[in-house]
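Below are two complexes that have chain A in common, paired first with chain B and then with chain C.
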Partner chain A sequence: MVGLQILIDGFAISSLYGLGAVGFTLMFGVSGVLNLSHGGIMVVAAVCGWLAAGDLGLGVYAGTLVGVLAGMLAAYATYFVVVRPIQRSRAIPREETEIFVLTGTLLWGIMIQDGIAYLFTDNPVTTRPLISGVTSIAGVRTPQNEIMIAALCWAAIGLLWLLVNRTRAGKALLAASMNPRGLTLLGFELSRMYLLVWTIYGVLAGIAGVLLASFLGVSSANAGQLTASAFSIVVLGGLGSVSGSLVAAYLVGYLETITAYLIAPTLRPIPALLLLVLVVYLRPQGLLGRR
Partner chain B sequence: MPARILRSRLLWIGIGLVVLAALLPFWLSAYLLGILTAAYYFGVFAMAWDLLFGFAGEVNFGPTFLIGLGAYTGAILDNQWGPPIPVCILAGAAVAVLGGLLLALPALRLRGPYFGLVTLVAVLLLQNAIVIFAGVTGGEIGMTVPDVLSIDATVNYWYALAFLAVCAVILFGLSRSAIGLILQASGQDAVEAQALGFNVTKHKLAAFCISALFSGLAGAMLVFYEGAASVDTVIDISIGVQVIIAAVLGGRRTILGAVLGAIFLILATEFLRPLGQLNTFVVAAVALAVILFWPDGLLGYVLRRGERE
Partner chain C sequence: MPRPSHPQTPTRMLHRLLLAGAAATTLALGASAWAAEPIKIGVIGEESSVAGASLTKAAQMAADEINAKGGVDGRKLEIITYDDHSSAADAVRAFQRAVNQDKVSAVVATYISEVALAIEPWSARLHMPLITAGAASTDIPKHVHDDYAHYKYTFMGWLNSAFIAQSICDAEQDMLVGPFHMKTAVVMSEDAAWTTPLDEAYLKCLPKAGLKVLDHIRFNPDTTDFTPIFNKIEGEHPDVIITGISHVGVQPTVQWHDQQVPIPMAGQSSQATTSSFWKDTNGAAEGVITASAAAPGVATTPKTVPFTNDYIKRFGDTPAYDGYTAYDMIYVLAEAIKRAGSTDPDRMVEALEKTDYVGTIGRIKFYGKDELYTHGLEYGRGLVTGVDIQWQSGKQVAVWPKELAQGKVIFPTFVKLPQQAAK
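Up next, the complex of A and B:
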C-alpha cells in the first residue's frame, strides 16, 4: 500500500522535476549557459499565475497561461539584461565568460527573489487545482490534479520532442548543440538559435513553475532550492543530455519520496545529495552525458 | 630584496591604512565599530575565496562549507569541554583544513560547473548535518558559546583589525610569490603548466589548504566575537554568495580588493537597512552592475587605469 502510494506520489513530483530540468539542460547544450536564476524564473511564473487566477479573477486556466507567459518574459529578461551583455563584453576574457554568467545569473536570481518578496508576497502561494476531485488507483486515493499535472508535464515534454526532432528549427537547434560553428557555416544565424532556445526554456520553466504552485505551493524563498535541485538533476543526468535529465529526475524524485515516506521527511534531500556526490566523483560526465 | 620592499609604495600605503584604521575607535561609536569588526572577518573570508578562485581558478560556490566547519568546531569544542579560546580557534582551523582537503579531491578531477556543484552540495550536506545533530549543534536555532574574545567593542575591533592585517600580508605575499604565479598558470591552463614542469596537484592542494586555514580561522574568530554560531550567520548559501560578491566587487585576483569589497558590502547592507526587504535587492543589483560594466572590480579597475597611464 505504501509502495503504491510512493509510486504514485513520486511519479508526479518526478515529472515536475523532469520538466524543470529539461529546459535547463537544453539551454546548456545549445548555448553553454547554466542559468542559476532558474528557480527565480519558476517563482515569477508561479506568482504571476497565482495573481492572475486569484486577484485578477481570470480563473485557473487563464491564470496558468499568464504564468507561463510571465516565465517566458522573465527568461527573455535574463537573456537580454544579464547573459547577452556578459557574452558580448570585451572586458571579460573568453575563458572566464562561464564563471561570469554563473555569478551574474546568481545575482539576477537573488534580485528576482527579493523583488517578488517585496512587490507581492514572500508567503508560499498555492493556486487552486486545475481539476478537483479524487480518484482511487488500486485503493490509493489520488487527487485528480496530481494525475493532470503528470499528464501535462509529459505532454510538454512530448511536444518538445516533436519540436526538436520533427521541425526544421528544432533540427537546427539540435545541430547547434552539436557543432555551433558548423551551423553558422551553413548560413544559420546563431543568435536566432539562442533566442529560440531561451523561448523554449522560458515556456518550460514557466509551465513547471505554475504546475508546482498548484501541486505543492511555491514561495519566493524557494528560488535557490529550486535552482539547486534542477542543477543537481541536470548534472546527475549529464549536462546537455535531455534523456539523461529525465532519468535523473525520476531517480531523484523517487529517492526523495522513498526517504520521506519510509525514513523521515526531514531527511528528504540527503540521499539524493549523497548520490549526486558519488556520481560526480565516479562518473563526472553524469549518467548519460557525453564528454 | 628588503630594500625593494621598503621602497614599495604599497607597503607604506598599507601601513598607513592600518594605523589609520587602528585609530578609528577614538572617533567612532561602538555600534559602527561592531559593524567594521564583522566586516574585517568578512574580508578574510573574501580574501581566502579569492585565492582559490582568482588564482587557482576553482569555482568554489561553498566558501561557507570551510567557514562553517571552523566556526562550528570551535563552538562545539568550547561548549563541550571548554578549553582556552585559542585552542578552540586552532581546532576549528584544523578541521577546516581537513574539509579543504576533502573538497580538493574532486577539484583535482572535475572542472568548472561540476566542481561548483560539488561545493554547493557540500554546503547543503553540512547544513543538513547540523540540523540532524541538533543535540550537539543547536540545530536551526544555533548555539551560544560560553566564552567570548572580549566584551569591549574597541578590543574586539583591534583583534579583528590585527587578524585582518596579518592574513592580508600572508595571502597577498603568497599571491605575489612564485606559488601565486604557478597557481595562476595552472588555473588558466593546467595541462600547459604541467608541461612546464610544475606540480599542479601539489600547488592546488596547497591552495585549498591555505584557503581553508584562513576561512576556518576567521569563522572561529567570528563565533567567539559574536558569542554565537548559527546556520544563518556562517553556513547559509546566501552568506557564501555574499563572500563571492565581495571578492568580485573588489576585484578578482587582487586579494586586497576582496577586503575593500567586503567592507563596502557590509557597510552598504547596514546603511541600506531602512529599505527593509529591498536591501538585498539593491546590493545584488549593484554587484550585477559592477560585473557587467567593470568586470575587473573596484581595485582591478583602479590598477588597470594606473597601468595605462
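Up next, the complex of A and C:
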C-alpha cells in the first residue's frame, strides 16, 4: 500500500522535476549558460498564473496560459537584461564569461525572489487544480490533478522531443549543442539559436512553475530550493544531457519520496544530495554525460 | 543636461505654497497643534508576510486614531516601523536602531517567538519597554519571572502557548468531543520555538478534554509536500488532526483539501486567521478550524467590530490575529504613558503592570511579578480567551466560545466523522 503510494506520488513530483530540469540542461547544452535564476522564473510564472486566475478572474486555464507566458517573458528578461550583456561585454575577459553569467543570474534570481516577496508576500501561492477530485488507483486515493500534471509534463517533454528531432530549427538546436562553430559555418545565426533555446526554456520553466503551484504551492522563498534541485538533477544526469536529466529527475524524485515516506519527511532532500556528492566523486560527468 | 526652467514657475510655486499651507492648516486643525515633541513608538513587523504586515498596519491605525483625538497628553504619537524580514539578527538591529538612533519610548514587535526571544535581552539591556504582538513561547515570560530586575521591560501582547493550547483543548471539548463524539487525535505541529510548549500542553490537556493522542508529529517548516505526513496520520485513524502551525498554512491546507484527507483539522493555524487565507488557498480552507484573537463581525468587546470594519475599509483584508493585538497594545502603551505621566522606562513598566484595558481581544491585564508567566497576557473567561473560527463558504464563522458563536461546526463532505464511520 505504501509502496504503491510512493510509486504514484513519486511519479508526479519526478515528472515536474524532469520538466523543470530539461529546459535548464538544454540551455546549458546549447549556449553554455547555467541559469541560477531558474527558481525565480518558476516563481514568477506561478505568481502570475495565480494572479490571473484569481484576482483578474480569468479562470484556471487562462491563468495557466498567462503563467506560462510570464515564465517565457521572465526568461527573455533574464537573457536580454542579464545574460546577453555579460556575454557581449568587452570588459569581461572571455574565459571569465561563464562565471560572470553564473553570478549575474544568481543575483538576478535573488532580485526576483525579493521583488516578489515585497509585492506579493512570501506566502505560498496555490492555483486551483486543473481538474479537482480524487480517483482511487488500486486503493490509493490520488488527486486527479496529480495524474493530469504527470500527463501534461510528459506531453510537454514529448513535444520538445518532436521539436528537436523532427523540425529544422530543432535539429539546428541539437547541432548547436554539439558544435556551435560548425553551425555558424553552415550559415546559421547563433543568436537566433540562443533566442529559440531561451524561448523553449522559458515555456518549460513556466509550465513547471504553474503546475507546481497547482500541486504543492509555490512561494518566493522556494526560489533558491527550486534552482538547487534543478541544478543538482542536471549535474547528476550529466550537464547538457536531456535524457540524463530525465533519468536523474526520477531518481531524485523517488529517492526523496521514499525518504519522506519511509524515514522522515524532514530528511527528504538528504539522500539525493548524498547521491549527488557520490556521483561528483565517482563520475564527474554525470550519469549520462558526455563531457 | 539640466531641464530648462518652466516659464510659469513663479505662479506654480505660489500654487504649491498655497496648497502646502492649506494642507498644513488642515493637519494642525485636525490635531490641534501638538504641545511638545512627539512620543515615538517603534513597531517591528515583517512586510512580506501576512501576519507581519498586519501588525504594522494595525499599530499605525491605532496611533492615527489616538492622534485624531488629541494624542497622548497633547503629544503626538509617532509610529516608526521596521522590517525584520523574520530574522532575529535584523530584528535586533532594528531594535537597537529604534532605541539609539530614533529615540523611541517603547517598541511593539513581532509575532515570531524566535525573534521575540532575540530582542528580549536587548529590551533588558537598553531598558526599553517592549510588547510582543504575537510570539507565544513560554520562555518569554519565564525570563521576566526568573530575572525580574533586568527583564521587567518585556510584556506579551498575546497569549502564550500554554494558554493557546488550553484554549484549544477547551474549545475541542465543547465543539468536537461533545457533539461529534470524537475520541482520538494526532498532534501535527511545525518545529518552532512556540510549538515546543504548545505541544507539551496539548499532550497534557487533550486527553483531559477527551481526546486520546495517538501520535505527535513535528515537521520542518520548510516542508512543501505534506502528502507523506497526511498519509501517515491517516494510517493511524484519528478522529481529528490538532494543528500547531503559523509559519506554514497554505500548503498543508491546500494539500489536505486536494487529497481529500478524510480527517478534520482544528487547533491553531495562524495564517487561517486572516481573511486573505481563503483566496490564498482557493477555498481549500473550507472546514478548517483555528483559534484566533478575534473574528470579523464577532463582538468579543464593543471595540472589536468597529476596528475590524475600519481595518477592512483601509487595507482591504481583515487583520491577522496579531493585528488585533498590535492595535490594542498601542492603546495600552498610550494609557500607560498617560498614567506614568512620562516616558521614563521604569515608570512606564510600573504603569503597564497596572494595565486593565478593554481592547478588541478582551479585557487586557498582565500577570504580576510573582506569577508563573510574569508580564504574560492574562488568560481566562472575562479576560482574554481567544475565539475559534471555522472557514465556511468563504467566511470566518465564530464557533467557540458558545456566547460568541455565530454558527455550528460543519465539515466538508470528504471528511469522515466518527458517527458516520460507525454506521
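We adopt the following convention: the second predicted complex is superposed on the first by the 291 of 291 C-alpha atoms of A that agree within 3 Å, B and C clash if a C-alpha of one lies under 4 Å from a C-alpha of the other, contacts with A are read in each partner's own complex, and residues count from 1 in each chain.
Following the convention adopted for this analysis, contacts are C-beta pairs under 8 Å (C-beta built on N, C-alpha and C of every residue); 3 or more make two chains touch, one makes a residue touch a chain.
Here the structure is a predicted model, which is why all the values come from computation and not from measurement.
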Report clash or fit for the pair chain B and chain C bound to chain A in the combined superposed model.
fit
Contact-wise, after the overlay, does A:V134 reach chain B, chain C, both or neither (first, second, both, neither)?
second
Please work out whether A:N222 is in contact with chain B alone, chain C alone, both, or neither, and reply first, second, both or neither.
second
After the superposition on A, what does A:A117 contact: first (chain B), second (chain C), both or neither?
both
Looking at the overlay, what does A:L159 touch: chain B (first), chain C (second), both, or neither?
neither
Quick test of understanding: once the structures are aligned on A, what is the angle at the Cα centre of chain A formed with chain B and chain C, as a multiple of 10 degrees?
70
Report for A:T266: first if it touches chain B alone, second if chain C alone, otherwise both or neither.
both
Taking the superposition as given, does A:L56 touch the first partner, chain B, the second, chain C, both, or neither?
neither
Touching partner for A:P143 - first (chain B), second (chain C), both, neither:
second
Looking at the superposed set of three chains, what is the minimum CA distance between chain B and chain C in Å?
5
Taking the two structures together, which residues of chain A meet both chain B and chain C?
117-118, 122, 266
Taking the complex as given, what residues does chain C use to touch chain A?
47-50, 53, 191, 219-220, 222-229, 231-232, 249-251, 254-255, 258-260, 271, 279-284
Touching residues of chain B toward chain A in the complex: what are they?
53, 59, 105-106, 109-110, 112-114, 116-118, 120-121, 124-125, 128, 131-132, 188, 237-238, 241, 244-245, 248, 276-278, 280-281, 284-285, 287-288, 291-292, 294-296
List the residues on chain A that touch chain B in their complex, please.
34, 82, 85-86, 89, 91-92, 95, 98-100, 102-104, 106-108, 110-111, 114-115, 117-118, 122, 224, 228, 231-232, 235, 239, 266-267, 269-270, 273-274, 276-277, 280-281, 284
For chain A, which residues are in contact with chain C within the complex?
2, 5, 9, 13, 54, 117-118, 121-129, 132, 134, 141, 143, 145, 216-217, 220, 222, 225, 257, 260-261, 265-266, 268
